[in-house]
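Paired with chain B in one complex and with chain C in the other, chain A is shared by the two complexes that follow.
Presenting the complex of A and B:
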């Protein structure tokens, strides 16, 4: 098992995934997204170093959701063009066209998910933002602002526990019923947000007093570059997509999204 | 970005991160509604997913606040594990643009309740057009699609506009926003009356 995917440039990886998701949006048959999805999962397993158990769990959730989506698309489908061309699933006559559309949509969602997971599970959040700053010219003010905000998350969890304890010690009783629990949410949310805003202000002052000017001309401790591997990945993923489309045209499955439904 | 103060940027980022989590937390609620009612289930609570653009724009009152905050919130949502992945950034960008469009109409000068509700509706319309192409709403029947759009617009106006304003106002009452546009306006109103 290698960690090739983990070492790719995060910006290029994100760009590849977004590009492919956009391309997949135009495909409207069940075969192409299914094959692409399987290849992406295979690639993630072979070339990525990831948390397997979490990956499986996430995918399981997605599969459950897509079954729900399959059902809703079938149940609320538009009038088909050829209503008499039906097939029977569990004693239920459904127009064949609707089944194809529903399957296409569902498998497309699975293909999107496999691409996204390939990105999320092999990318470090801090590296991604640093790379966005270095490759995509994201403003350092914004980038470091987001990093600071992200860092607040674990702190806010502690703070929530503190607020809860403070309420308890002063004898605020547990909420009963919907109205009281809404009030309780408000009692927690406003102090939590207010505390976060205060902390954000202090962080900004601290950053400025240490000489952070937000200028684009700056140096980085960790530098990210685009290497030939990154371009190979981008081109390879695109090639794979087009090869699968070719195969699917050959087999007669393929159809573009032509706004037909 | 140059006329933004650093503290405004960080406060906006913190709000975005917090609401990125709220967005993620509301997804399963949406899923439950959807499994009862079909795709329309999401639309009842869709307004929650625009709320940070309204809050950030109302507090900071600078061009781009609505757009940037929604985009960051979507990015955070993705990084924390939304199944839609990087595509959700595009969704966030589009929703943010919808809210920003409403503020742009007033040249970023007016932040009354109506403008905030309009921003919610704007985000709803933009997100609907995007959803139409991406999630294949086209496969659904026309009256159903129209129903979805109407409910989403109402949800945008009420949940993101009304609730967003209420949250920001209660935050301003605590005094933490005194150096931001919203806090300054409230202080001015108080000294005038």
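Presenting the complex of A and C:
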């Protein structure tokens, strides 16, 4: 296993994923997304250094979801054009057409998931934002705001737990029913917001004290550049996509998306 | 370097009471100044003026001027002042925006457009300076409080400012981390000729190398500008009246002198100076007045309590019996499990293993409502506990959970208000109170129902001398009436003065459970990041140097 995927430029990686997701939406047959999905997973495992246990877990969740989707699309399918052309799945006669549509939708979702996971599991969030600033000219004001917020989330969670315990000890009953729950969260909201605003203000002052003015003119300690590997990755992923389409046309599976669902 | 002239500042355009009024002073190259004043006297506001946040971010108005190297802050470009004035803030959690140590230092350098190669050189340099080089690649959230403050200092030093402002940098640190931080500052001061302004409540350690003090009064006026020792000998009443914390040793000698049990040439600021400045001191003043805890009925007991969080051991095999009407202090390094212990003992969190008995019944079998009538818990942040919109309702809240008559409740609330020195604030919103008042209110809500056990998590944190004293008096009164108090603290003088029993925690285990007096006999408390109280430090110093001015009177 190498870490080739991890070393790619995050912006280009994100662009590639988005582009391919867009292209995949035009395809509507089970074969193309299935093959593309398998290739992506293979690529992730071979060329990426990832927390594979977590990867599997997340993918399992997505598979469960897609099985649910498969069933609902089958059960609530449109009136088929050729209702007598059926196939038997688990003692159940289903029009072949419906199966194709359902499979196409489900596998498309899996292909999207595999692409997104390839990005998420091989990309450092901080590096992604830094790269967005350097390659896509994202405003530093926004970028460092997001980074500071990213640090905040766990702190907010701790604080909510604190407030919950503090209220519990005051004898505030655990909420029963929706109305009380809403009221309870309203009570949590004030100290939580007061704390968050204060913290945010402190962070802002601290950032400004370190010379941050939100201007675009700055240097970068971690520089991200676009190298030939990045372009190769983009072109390679696109080529792979078109080759799979060619094969699928050859085998007679291919069809364009015509607004079915 | 810095020149402040007739500076006044208001938070609202039409408000006639300024936050700071008519301040003028100068700070020269290499000079170090202590900025003192009670809570709410405008110390932090002044800091904001000095580093260029105000007037740009100010909604109110500002008159007078601040010039830094001849340039007025009114026409300074945002971001340029930071190259000259660096600030380390109080809260270690909220002054970073990146995830790792090196990125955080790089952030500041990137802002001022330092070339990347230079950045990596400077990162190593400043990390070496604050002794954090081994943590270069660490994630910030994994650092201890003391390390975080050192990192904050490193970030600022990397920008090579001419002036360094430290805004209560050690308020959240344990005694050893505090000493280390001060030592770091001292070394840096020797290496670089920076101007330093220190805002602090705890003056120990600082006064040994900072002579000049600038004192603000409650209403934001300049009260004094000069050597600290002089105002203490000339006009100590005014300093004490304002609620300004003096070094503990100074306080000790002054109190002794008031009772004619000490005499001095001039008030000492450090323990080291004491023998040469104090001519006579009654030995009884250095002895313990609080008797050790007596064994009474056990009201709360924990046996073999263990708590794990995310597979990490927080508490381990805790055995503890709480006797009726005792005053227990829990001490230990940051992260040793002090807060977790109080939370488990008070039934807020459940232990992973082990039993906790309250009046011989397992605490988990107690009904929440009855349990809260027995145990009160004061959180570190008082605001977390406020539920209602007025001080009166806040105190009445827990009484109203019981079928008491309204007149009884009113009587009870008024009694508590007086007790907590909050009379006259009944109709104020809890959030609008001062820090000290908020703290007292949060204690008030926990004692109004005559709870027998009261837990407090660092109640004196961030408070000035006056409010600390008020709070401790209030707790002492409760204790005298039979309430058991269990308090987490970093302040050894409070432990010494009030507690009759002390628990020392290390890595989630109780490693000492004895009277404070016995603990002070231990020769090396520093291995647990602890320190000795002032009177013991003085005794030790006298013993080592064989001074014998302390005479035992009959």
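As a convention for this text, the second predicted complex is superposed on the first by the 244 of 261 C-alpha atoms of A that agree within 3 Å, B and C clash if a C-alpha of one lies under 4 Å from a C-alpha of the other, contacts with A are read in each partner's own complex, and residues count from 1 in each chain.
Keep in mind that, in the parts below, a contact is a pair of C-beta atoms (placed from the backbone, for glycine too) under 8 Å apart; a residue touches a chain by one contact, two chains touch by 3 or more.
Source: prediction; values computed, not measured.
> Look at A:205 in the shared chain and tell me whether it touches chain B only, chain C only, both, or neither; answer first, second, both or neither.
After superposing on A, A:205 lies in contact with both chain B and chain C.
> Could you say whether A:148 touches chain B, chain C, both of them, or neither, answering first, second, both or neither?
The answer is both, since A:148 touches chain B and chain C.
> Touching A:112, do we find chain B (first), chain C (second), both, or neither?
Only chain B; A:112 stays clear of chain C.
> Using the touch definition from the top, say if A:162 reaches chain B (first), chain C (second), both or neither.
second
> Let me test your reading of the model: by the given contact rule, A:102 touches which partner, first (chain B), second (chain C), both or neither?
first
> Using the superposition on chain A described above, determine whether A:215 touches chain B (first), chain C (second), both, or neither.
Only chain C is touched by A:215; chain B is not.
> With the two complexes superposed on chain A, say which partner A:72 touches: chain B (first), chain C (second), both, or neither.
After superposing on A, A:72 lies in contact with chain B but is clear of chain C.
> Look at A:172 in the shared chain and tell me whether it touches chain B only, chain C only, both, or neither; answer first, second, both or neither.
second
> Report the partner of chain A that touches more of its residues: chain B or chain C.
Looking at chain B versus chain C, the one contacting more residues of chain A is B.
> Quick check on the superposed pair: does A:194 touch chain B, chain C, both, or neither? Answer first, second, both or neither.
After superposition on chain A, A:194 lies in contact with both partners, chain B and chain C.
> List the residues of chain A that touch chain B in one complex and chain C in the other.
The overlap between the chain B and chain C interfaces on chain A comprises residues 148, 150, 191, 194, 199-200, 203, 205, 207-208, 212.
> Taking the complex as given, what residues does chain A use to touch chain C?
Those residues of chain A that touch chain C are 126, 144, 147-148, 150-151, 154-155, 159, 162-163, 165-173, 187, 191, 194-195, 199-200, 202-203, 205-213, 215, 217-223.
> Applying the document's contact rule, which stretches of chain C touch chain A when the two form their complex?
48, 51, 53, 77-80, 82-83, 85-87, 89, 91, 93-99, 102-103, 106-116, 119-120, 123, 140-141, 152, 155-156, 159, 343, 346, 348-349, 368-369, 372, 376-377, 379, 381, 383-387, 397-398, 401, 431, 445
> Taking the complex as given, what residues does chain B use to touch chain A?
By the definition above, chain B touches chain A via 1, 4-7, 9-18, 21, 31, 34-35, 38-39, 68, 72, 75-76, 78-79, 81-87, 89-90, 133-136, 138-142, 144, 167, 170-171, 174, 176-177, 179.
> With touch defined as at the start, can you tell me which chain A residues reach chain B in the complex?
On the chain A side, the touching residues are 14, 17-18, 21, 25, 58, 61-62, 65, 68, 72-73, 75-79, 98, 101-102, 104-105, 108, 112-113, 115-117, 119-120, 125, 128, 139, 141-142, 145-146, 148-150, 152-153, 156, 186, 189-191, 193-194, 196-201, 203-205, 207-208, 212, 214, 259, 261.
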